[in-house]
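I'd like to ask some things about the structure below.
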Amino acid sequence: MATPSSSLAVPPADAPRADAPVTGTSLGKDAVKRLRKNRLAVFGFVVVCIVVAASLVGPWIIERATGYTYDYIPTDPSLVNAQPPFTAPDGSFSWLHPMGTDDAGRDILARVLLGGRISLMVGVISTFVSLIIGITVGATAGYVGGKVDEAIMRGVDVLYSIPYMMVVIVLLAFFGGRSAIGQLVLLFIALGAVSWLTMARIVRGQVMSLKSQEFILAARATGVPASRIILRHLVPNTLTIPSVMLLESFLSFLGLGVQAPLASWGSLAADGIQNIAVFPWQLICPGLTMAITLFSLNFLGDGLRDALDPQMRKG
Amino acid sequence: MAPLLSVRELRTWFAEDALTAKAVDGVSFDLARGETLGIVGESGSGKSVTTLSIMRLIPQPPGRIVSGEIVFDGQDLLALPAEAMRRIRGKRIAMIFQDPMTSLNPFMRVSQQLMEVTRLHLGLSKAEAYEHAVQMLETVGIPDARNRVDGYPHEFSGGMRQRVMIAMALSCKPELLIADEPTTALDVTIQAQILELITNLKRDTGTSVILITHDLGVVAGMTDRIMVMYAGRVFETAPTAELFARPSNPYTVGLLASVPDPTDDAHAELYQIPGLPPDVARLPPGCPFAPRCARAERICREQSPPLIQLTPQHQSLCHFAQELYDAAGTPTAATGDEGGR
Amino acid sequence: MARFILRRLLVIVPMLLVVVSLTWGLIRVAPGNFYSGEKKLPAAIEKNIREKYGLDKPWYVQYGRMLSNTARGDFGESLKYPGTTVNSILASTLPVSATLGILAYLLALAVGITAGTIAALKQNSRADYASMAAAMLGISMPNFVLGPTLVLLFALRWYWLPPARWDGFSVHLILPVLTLSAVYMAYIARLTRSGMLEVLRSNYIRTARAKGLTERQVVMRHAVRGGLLPVVSFSGPALAFLISGTVVVERIFALPGLGNYFINANLNRDEPLIIGIVAFMSIAVLFFNLLVDVAYAFFDPRIRY
């Protein structure tokens, strides 16, 4: 091959250096930008915020404004009657009960909002419990590797084969019913115990890939701190919140979950289904609220996962 | 004789958010029958997009072929209806890709994948296609072909898989074979075997070949002509020996200088073209190579370089092409090996 | 492969005993027993009951007996329905739940895979957005809301379909199957879409196109097998959770299935029946997981057991 004449071999003074850093955006900023562009995810986020806010302060506001609490049974016997949404006892339009009342006269909106508190709380805390268990087990297996990993994964496989819902049902049926709070705690543990298996598997896989030398080197080379890598991998795991909420609602619907005097959307639906033919709103209102909330949570979760996945391309 | 393939002013652009990446921006070249053309350039120079455009395999969003002509055996491929193009693909123009590990369907037997092409384009029966497949595997040098043809891709090694790809591509005796970095993912000894295989097959069938690579060593031994691409444009075209002997474009010169020479002093620093390839969505005015060019002057940053025809066979896109050509022709400049290898 | 299947089948028995032990343990550790209802039984009767069911023996004897009975497949008599064996209850309820579950999942596969494939092929079109929105709704709608709503509309308002009860393989099945199937339809549609999209981006699809195949051939012959793998994987845990869905649907539509009986057994503290149903479901889950793993190997030739 020909050697170049010397004048061409020397780069000009103003040529960019071969090792000049290329400015880019961090993964976090990039993810937020992508999340914001995803209109469905934004929509989901807004709705979830509204629902959470309504659940937190709604019952309090309703009580101040109308005097109705979620378990307030009117003393006036003519009011102890199921009213459709926006209807007064005499049939005319009324703002008082946007979701109507049940056949004990209790305001359904207040009940739905309070139920929301419980349902959301169970969803978040159970996911948290499963995250803790799953991460501990998965990270240990992935990090330590070898025999310990094999043993743990073998155990997980065994546990995978248990018909979980059945055992949970037995657990709740036999140990529950003592106090409403006690039942709640039992629910947190039971539901958390259901979903940690998948979590553990995922975390183990992620830890193992993080552990590999090339990955650590690459991360250091691009200057990404380890904490951010971990965060990026953990956040999508919060996708289980809606599915845990669904499980809780099943259990409450069957009478095994949240007990009176507390209410969750599932138990409200159980109450409502009694009179479905005549007072359909008793089921529809809590049910629809739950569906909309889960819908929005799912969109938000999808958006989060897409935004954090660097491989995603549009179209 | 008319060239087999004649590409004129091909422009293939990609929509990237609000910007347009001009991956191929005004590429023109000819390919004669039986000729082997090498396309050389760094990543992002537009080599693959050019050939994918010829095959009309550009995903239509986000890409689109904006303008140009691709005349193959007298027909403009860009003007053909999709169905007609489909009949040409795999039959008269075939393509093999860079990564043999992922380019074969892992869920289908090799025999099935080979038979597909001949049954589709040549109308062979199942039995005929099967025999043909076995023969093709033998031709490309797969040992014990008859027993292995029913295997799955993961049962073959990387080099073997690339041979299978070649067998698949040549099944219908295409007039043009496009090889997009066929050896980049393979190790060096296998590389040589694959390249030799292509050369032999080409000699036996008279197929024209377009060989894309970023490795000058590969083109040196295999090609009749070389086309150097940068930032979606053709910077220099010349017969192989002449390109190595009289490079007439600063980019080409830089490329040649970057190849490590084992006869150099062991402690000499390796040469590297400074800077990075440009973002084809945000090109500066003037010559796209100007920011990195040692020869650049003000005119380079203001005006697009002209295409200078140095000899009937040799062109270069540079304001100073003639000067470089002349300089390269004088005895003091040419030292060391000529023509590589 | 044969050895793999054999190994998995052999594992079923010890697994079963583990699950049954866990359940039995939970029941026994819990306070109260099946006859501690509102009425206080006279001492003599209570003594009779304890003797009859062997409750007067030490716990480890009872445990051992339970295990051996389970291994023999004899779960004894139901406490709530004396005179009726657990096995006979299983025999009568199984067809109900099985029909419901299998039909629901088959329907989910048929509709979900079709919808997901169409959505992937016409990515970002109206059909894509519409079906994915519907799928999202399907995942978010609890079946105890969907079921009664369907009943309200189709049975009580429009009189097209019967609202509840079991009548063998008849039109009575339509609403329950639809209700149970909805969420799985939705998941499968989404998984199919993302699986297909993933595959359509891969290199071997580019090769297939470069060979001159029609788009239809590319999709049907090349993309489908790889694209459906996620659905096959999903089917394992899905079938296990189908159980929980069946329970609720059977309650809503008053179907005499395993799930319904299971809930009642729990509320009645009917230990033999609980153990019997749990044992049976364990076997079913393990068996289905094995089926799914074998199916996966058929789809993906790279997997060798």
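Which chain is which? They are A, B and C, in the order written, and residues in each are numbered from 1.
Note that a residue touches a chain if its C-beta (ideal position, glycine included) is under 8 Å from a C-beta of that chain, and two chains touch if they have at least 3 such contacts.
Small disclaimer: the values here were computed from a predicted structure and weren't measured.
Comparing mean CA positions across the assembly, the chain most remote from subunit C is B. Of all chains displayed, A has the C-alpha centre closest to the centre of the whole protein C-alpha set. If you average the CA atoms of subunit B and of subunit C, the two centres end up 55 Å from each other.
Each chain gets one centre point, the mean of its Cα atoms, and the points for subunit A and subunit B are 50 Å apart.
Subunit A and subunit C have Cα centroids lying 23 Å from one another.
For subunit A, residues touching at least two other chains, in rising order: 315. Those residues of subunit A whose C-beta lies close enough to touch subunit C in the complex are 158, 160-167, 169-171, 173-175, 198, 242, 246-247, 249-250, 253-256, 266, 269-270, 273, 276-277, 280, 283-284, 287-288, 290-292, 294-295, 297-299, 315.
Residues of subunit B touching subunit C in their complex: 55, 57, 86-91, 94-95, 97, 99, 102-108, 116-117, 120-121, 152, 154, 165, 168.
Those residues of subunit C that touch subunit B in the complex are listed here as 202-204, 206-214, 217, 221-222, 225-226, 299-302. Taken in their complex, subunit C has these residues touching subunit A: 15, 18-19, 22-23, 26-27, 30, 32, 123-124, 136-137, 139-142, 144-145, 148-149, 151-152, 156, 237, 240-241, 243-245, 247-248, 251-252, 262-263, 266-267, 269, 274, 277-278, 281-282, 284-286, 289.
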